[in-house]
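Read from first to last, the chains carry the letters A, B, C, D and E; within each, the first residue is number 1.
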Amino acid sequence: MNIMSDAAVEARLSTQEEERDIKMRARGVSVFYGQKQALFGVDLEIPRHAVMALIGPSGCGKSTFMRCLNRMNDTIDSCRIVGDVTLDAEDIYDPAIDVVELRARVGMVFQKPNPFPKSIYENVAYGPRIHGLVRNRQETDEVVERSLTRAGLFKEVKDRLHEPGTGLSGGQQQRLCIARAIAVSPEVILMDEPCSALDPIATATVEELIHELRENFTIVIVTHSMQQAARVSQRTAMFHLGNLVEEADTDKIFTNPEDPLTQDYITGRFG
Amino acid sequence: MNIMSDAAVEARLSTQEEERDIKMRARGVSVFYGQKQALFGVDLEIPRHAVMALIGPSGCGKSTFMRCLNRMNDTIDSCRIVGDVTLDAEDIYDPAIDVVELRARVGMVFQKPNPFPKSIYENVAYGPRIHGLVRNRQETDEVVERSLTRAGLFKEVKDRLHEPGTGLSGGQQQRLCIARAIAVSPEVILMDEPCSALDPIATATVEELIHELRENFTIVIVTHSMQQAARVSQRTAMFHLGNLVEEADTDKIFTNPEDPLTQDYITGRFG
Amino acid sequence: MSQSATAAAPGRSPQAPVLWKSQEMADRRKARYAADRRLQMYGLAGIIFALGFLAILLTTLAFTGYKAFVQTTASVEINLAAQDIDRTDIREANWRSIFRDAVRQEFPDLSRAEEREFFKIFTSSAHYLVRDRVLDNPALLDGTTTFHIPLADPLDQFAKGEVNPDLPEDQRRVSNAQLELYEVLDARGMISQPFNWGLFFNADSRFPELAGLAGAISGSFWALLVCFLISFPVGIAAAIYLEEFAPKNRWTDLIEININNLAAVPSVVFGMLGLAVFLGWFGLPRSAPFVGGLVLSLMTLPTLIIVTRASLKSVPMAIREAALGVGASKHEVIFHHVLPLAMPTVMTGTIIGLAQALGETAPLLLIGMNAFITSPPDGIFEASTALPTQIYIWADSPERGFVARTSAAILVLLGFLALMNAIAIFLRQRFERRW
Amino acid sequence: RDQIKTVGSSTVFPYTQAVSEEFANKTGNPAPVVESTGTGGGFKAFCAGIGEDHADLTGASRAIKDSEKELCAGNGVTDISEALIGYDGLSIAHARSAPDMDLTEEQIFQALAAELPDGNGGFIANPNKKWSDIDASLPDFEITAFGPPPTSGTRDAFVELVMHDGCKNLPGMAELEETDEDKWEEVCSRMRQDGPFVEAGENDNLIVQRLESDANAIGIFGYSFLYENADKLKPVAVNGIEPSFDTIADGSYPVARPLYFYVKNAHRDVIPGMNEFLEEYMSEEALGPDGYLAERGLTPLDDEKRQQVQKAVLDGEMIGG
Amino acid sequence: MTGFLLIFLAAAAVIAALVGIRRARRVRDSAAVKTHSRPIYHGLNAAIWTGVPALIFLILWALFKGPIIDMLVLASHPGAEALSESEADLLLSEIRQVAAGTIFKEPTPEVRDAAVHLQFLESLAVWALVAVAAALAAIGAYVGFRVVKTRFRARHSVERSITWFMLFSSLVAILTTAGIVGSLLYEALAFFAKVPIQEFLFGLRWEPQIAIRADQVAGQGAFGMLPVLFGTFVISMLAMAVAIPVGVFSAIYLTEYAGARFRAVVKPLLEILAGIPTIVYGFFAVLTVAPLIRDLGQSIGINASPNSALAAGGVMGVMLIPFISSLSDDAFAAVPRAIREGSFALGATKGETIRKVLLPAALPGIVGGILLALSRAIGETMIVVMAAGLIAKITANPFESVTTVTVQIVTLLIGDSEFDNPKTLAAFALGLVLFIITLGLNLIALRTVRKYREQY
């Protein structure tokens, strides 16, 4: 294999991509916060219509990596990124790319539910409105209902759509945030520890939701809980100290990891 | 046994106390934060010159209990305490007791190292000064040196005693706080998760220190880490939802716990 | 159930991909970015408006005021040795004639009428200026000394180009004769325009050429001193009590609301309080810096209490617990740790509060600190003005010279404010702590 | 207390200021505290009693009233000397650039009064918007007059000297004065509030500045301001006469008033410097035709009258006695 | 004298402290048991005992010495009983001047005797003062030293004194409010005795042309507050019309768009606007802005009054910009980063995030700031005193001249009228109204701000 030319490698990789239906792809991504390097040349492929879990001990760079995927790191002044990230083979760090469009296509759900201090309805309607996906009240109503329904929240809140979203319980808030994210019909949804602020019952609801969403969306999820990664994801990537240690099918990672670090981590020997 | 009179019980208990050399003793301690009850009638004896570990899941009341022992809860307005706590058989909630003296006798080290924003020297000298334990510069120097030495910090900082304590590393800061606590020659030292903000190496140093201090002080330590409790303590008390679930020799707790809750907790099944 | 929702909205299937790349979307994004830029422009416009106003304000002041920082003077040589002056009673000598004789020597052959015009070129207190210098330094009696005598206001204005000599004579305050004489003086090199130290070291005067701010500055100083001595300890003590000791009940709530409210009570109301209570009931003297200071301290107190409380609150709990943990009493915790840590903020708050008090006018008007007083006060119970009230008085004076002096006085006041704020900023940067 | 304390009219204020400054300079005594409280306020404070807590001297832009004498007497202030120090012209002026104007008192009244007689014994709100509405010979621009506020003594003087005189001559007003004096007072005293008359606060300098920038406006203020600002302002003649020292002094300029001060003789032996201060005030250097008060715009008394006053004050003659 | 005594007392207190410390050290060193308090507390305790009672005495003495001596001196002067109060006052001044050595004319023997007596009393008083103060200090010191024992809780005693002082200090605020309300109410009631309250509150005419002299006839019904209040309202609204948009937009730019360095420079510059004394603004408004507005008005055919409400209101608005901008700034900064990120992650532009998410979220805080600024505007004095008119008129035309409550207060109080004239008293009634209005606004503002603080 060593004798293969670079071009050949390229070709092989890109055919592989086709084959495996790669939605997003990071190549040699390094991230610096000021002087501090948080990621070291990460290469990772994110398959379409699947759930990819990112695991690893605290501070290993999972969130940092995820935020590279929709350029949320742009909002941090000190942050600098090296390397390529592509979405459908298109470089998202290309200056010609519009980050507003990018973020509409790559939605995000955060660790702590962060509904806007507005009504439930307005929370969901906000995205479609700014992107002009809805033209009138009726379309908005439809989108809001559809999104809330898919997030499994509609039944619970349909009588109080115009009450503040901040008045919901933690699990409901998180599902509201998911509804908000899917309302703009993104292609990818990034979730950064979406359940860590939730109780077990709410967690279960959200996990079930992720399961359903997978059919239409590509999902990347950061989690601290090995169990959760095992339950919801098809592929898992293990980070450590800013490096991608191992990436494989979730089953494989949890049964037969190649890297000793991964082994130690999933058996709880460190972290 | 039921036929024994109260007085007899008292007598028996107090002889027991003598026998087992009890330093502090809580009887029926309940704590309320406003309406909320955080501790439910805890009875616990703290043996002299030993390390007692308090373990239990988050929010179970470990800190609350510990803060009853030196009346730090007095500083929280909403906090109300029922029950008796004695130090050397003297009720510390007796109105005649001077809490300043009590806190000098029962020192405290906190979860996050909290040195005063003063020099290292001043940090340690402060306690002895306000209690009038030192009369002149020379005595102060001695106390400072002795305390820092016992806290295993003197060597590292002897050339910069007059630099700010806040400039030390986390582990050094925590040892500085321990030095500060032992400088007033307390009889009991309470430590509330003293290592949770430290890295493994600093943790090891502190644990070793606790080991040494045991000879002269009575130590109560709250910890989240089962391993740590096992390493440093002679006795362990397990709390759950404000109740004392079990209290026994550390060896016993970790090898052969009586209560199923303790069993579940130490094997990591919950918490 | 999700199926039913989808079915309910047949118009668009949920998976229908949004055409992000479409022209429509691109146009829309363009419009959105334009809106974004517009908002940014509004913000910038707001800032430019505010700063532009500030700049115009300051330049206008500087432009009208700068001329008051110099004063036209004429040098007059007086041979005091030739005069017969009783050295035991210098004050009582006939200084007016001494001065006039000396001036006459420059122009020995003026008629009586011309002479009268001539003397009016100089400030009418000229002989007192000569006298006071001699009183300060009796050695001058032994020789000939050159005195720099300020010109009277009309001539000063003329020298500064404020009087149009082409106007008919009855429309200006400077007569033709004076103009001619002035030209002669100028030609002889006797006219100069040195820096007007009198603006800082003279007290108020009816004569613009002599009027200065010494009285107002010392009045403001005394009032601020009183204000500081009262509001600083009381403010800190009150803040500590409320923040650290007071039980949280309806009464302390009341006090708190009260203090917050007082911080926003119009200053003129404090003036009315001072008028009715300090002057009316307590019978304290009118126009005294002491009363001014009292009123100002009542105004400053609430702000100071609020600032102090905020800074006490910002001292982390960990520090308090640490101190409590080694057995410090509550008072010791506060006085050994919390207060010293809060002090830099408290100091800057105090300075800023005092700076506000320095610029306050309305309450001082009501307690009579707008009197005319020609000597600086020697103490806090003597009548005096303050800088802002002096500005108010000067603004109301008919003499032309006061127009520039008013602006100059404002500049001086702003200078003091800038100084105080600079100190506050310095303190803040020097001692600011981050936890 | 070792300073002299004076209160009183804001019109006398600048003159008293000048005297106290000279006095302090000359004698080395502490400078008197000069406060401008207005004539009425001055009497109020002056008559409140004798002793250190009360003012020694009050300036007035009118003679003391009987009611005020009573007030004084009631508080034990019986021995008062009066000093007429000169006259003040209340000038009506406008910008140099404005066309010359010559107004009669009647016209001024018609321009500035709140109500005018309608000719049938009734009254209507003042309808005049432009000067030409009053008299076709007057210029054709809007009436704008800056004047003193009702709290000021200058306003009282203006009302009394100009408005009342102008009012009297209007048809029907003479009869009204006989029948209903209160109504007469009200009609003749009220200044209009609908815009043309602008109460401009106590700050005459501001009036000057505004007149300068507005050629159509006239202003009403003390003569000294006109005198200081002769390059920018010129007088409006009243009844054909322009204010000047001469016309004010001989009374031909109708809007002139005497200025007084009143002094408590009981204080002369008690407050240090009182006598010297009065001497200074009465000296030729101050009060004389070339004195520094004239220099500040005070219209001086004629020689005979002045000597009378000087003597009366220095001897401490009581008023009326 | 009092100054010397104060220094003496301070010195005595310091010495007492030092001695107390020494004694306490000795006790500590010789005692078998541990002393409760450190020597320094014993010292402080001794110092408090030494200084405070004597200080209180000194203050009382300063308050009551004068009248007592005066009484004694008068009693020594034959015939003084017959004098009226002010005559007695005058006599006293004379005696005082004679005693001080300033003699104008030959004093009567009685006066001379009284002056001698006064001198005697004065010196006696000085000695008495010194003696009593010293005695108090000595007794205090004795008490302070005596209690130096191992068991004595000096620390508690010292801390109690400090707590009392702090408690007293915090009551000053209450006393101030009481003083304000009391003094305003007292005079306002006197006013309402002369002018019916309903006329004041609901009258539509404000023409305080009541004569300065009692013998002039009063204009009837001239104390209706509403036009004045309306003027205040108009000017405040104009001020807010300038301050709100400029303040809010500046805050938006500074928090959301500006770089750190720009912000670091511009923010303090903006805050200068709040630090400039209002008299300076007043000056500027009347000399620069008002003529400008008049010219502008004329050029577009509007007849602007030289005292246009617009000039006063506009300049006041500029003054208020920093209040609104910094409170809005705080409000924006208080919106959690998570909410911002939530919006960005949906693909919103910065402008959309600000307008649709941050602004509504920060609104309560901004409104609180606006209300505070409004109460400033209503209470602002010097700008309007210099730049607004005096004629009370109900008009919403910003080019016309209106008057405000504060202008009327100042004009009425520093005007020429005497103290019990309704004109003067009216100022206090207006002051009371002003106080009540700003109180109400402040309470609402405080509520709003507090509520929004609780929100996140």
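FYI, contacts are C-beta pairs under 8 Å (C-beta built on N, C-alpha and C of every residue); 3 or more make two chains touch, one makes a residue touch a chain.
The chain list, named the UniProt way, goes like this: A, B = Phosphate ABC transporter ATP-binding protein PstB; C = Phosphate transport system permease protein PstA; E = Phosphate transport system permease protein.
This is a predicted model, so every value here is computed, not measured.
Student: Quick check on the contact network: minimum steps from chain A to chain B?
Tutor: Graph distance in the chain contact network comes out at 2.
Student: Show me the overlap between the contact partners of chain C and those of chain D.
Tutor: Looking at chain D and chain C together, the chains touching each of them are E.
Student: In terms of C-beta pairs in contact, which two chains are most connected?
Tutor: So the pair of chains linked by the most contacts is C-E.
Student: Looking at CA centres, what chain is most distant from chain B?
Tutor: The chain lying farthest from chain B is D.
Student: Quick check for the class: compute each chain's Cα centroid; which one is farthest from the centroid of chain E?
Tutor: Centre of mass proxy via C-alpha means gives A as farthest from chain E.
Student: By CA centroids, point me to the most central chain in this structure.
Tutor: Answer for the innermost chain: E.
Student: Let me have the rounded angstrom distance from the C-alpha centre of chain B over to the C-alpha centre of chain E, please.
Tutor: 51
Student: Mind checking the centre-to-centre distance between chain A and chain D? Centres are C-alpha means, answer in whole Å.
Tutor: Distance between chain centres: 85 Å.
Student: Please compute the C-alpha centroid of chain A, do the same for chain E, then give the distance between them in whole Å.
Tutor: Centre-to-centre distance between chain A and chain E: 58 Å.
Student: Measure off the straight-line distance from the CA centroid of chain A to the CA centroid of chain C, and report it in whole Å.
Tutor: Spacing between the chain centres: roughly 59 Å.
Student: Which residues does chain B have that touch at least 2 chains other than itself?
Tutor: 100, 130-131
Student: Touching at least two other chains at once: which residues of chain C meet that condition?
Tutor: 32-33, 329, 370, 395
Student: Mind pulling the chain E residues that touch 2 or more other chains?
Tutor: In chain E, the residues touching two or more other chains are 155, 349, 352, 385-386, 414.
Student: Would you mind giving me the full set of chain pairs in touch?
Tutor: Chains touch in the following pairs: A-C, A-E, B-C, B-E, C-D, C-E, D-E.
Student: Please output the residues of chain D touching chain C within their complex, sorted ascending.
Tutor: My answer: residues 3, 13-14, 17-18, 20-22, 24-26, 28, 30-31, 33-36, 53, 96, 202-206, 208, 222, 224-225, 227-231, 234, 290, 292, 295-297.
Student: Contact residues on chain D for chain E in the complex?
Tutor: 9-10, 37-44, 49-54, 65, 67, 75-77, 142, 144, 146, 149-153, 156, 181-182, 185-186, 189-191, 193-195, 197-203, 206, 209-210, 213-214, 217, 266-272, 275
Student: Would you mind writing out the residues of chain A in touch with chain C in their complex?
Tutor: 98, 100-101, 104-105, 130-133, 139, 142, 145-146, 149-150, 154-155, 184-185, 187, 212, 216
Student: Can you list the residues on chain E that touch chain B in the complex?
Tutor: Residue positions touching the partner: 25, 28, 35-36, 38-39, 153, 155.
Student: Which residues of chain E touch chain D in the complex?
Tutor: 84-90, 92-94, 96-97, 102, 104-105, 207-217, 219-220, 286-287, 290-291, 294, 303, 305-307, 385-386, 389-393, 400-401, 411-412, 414-419, 421, 423
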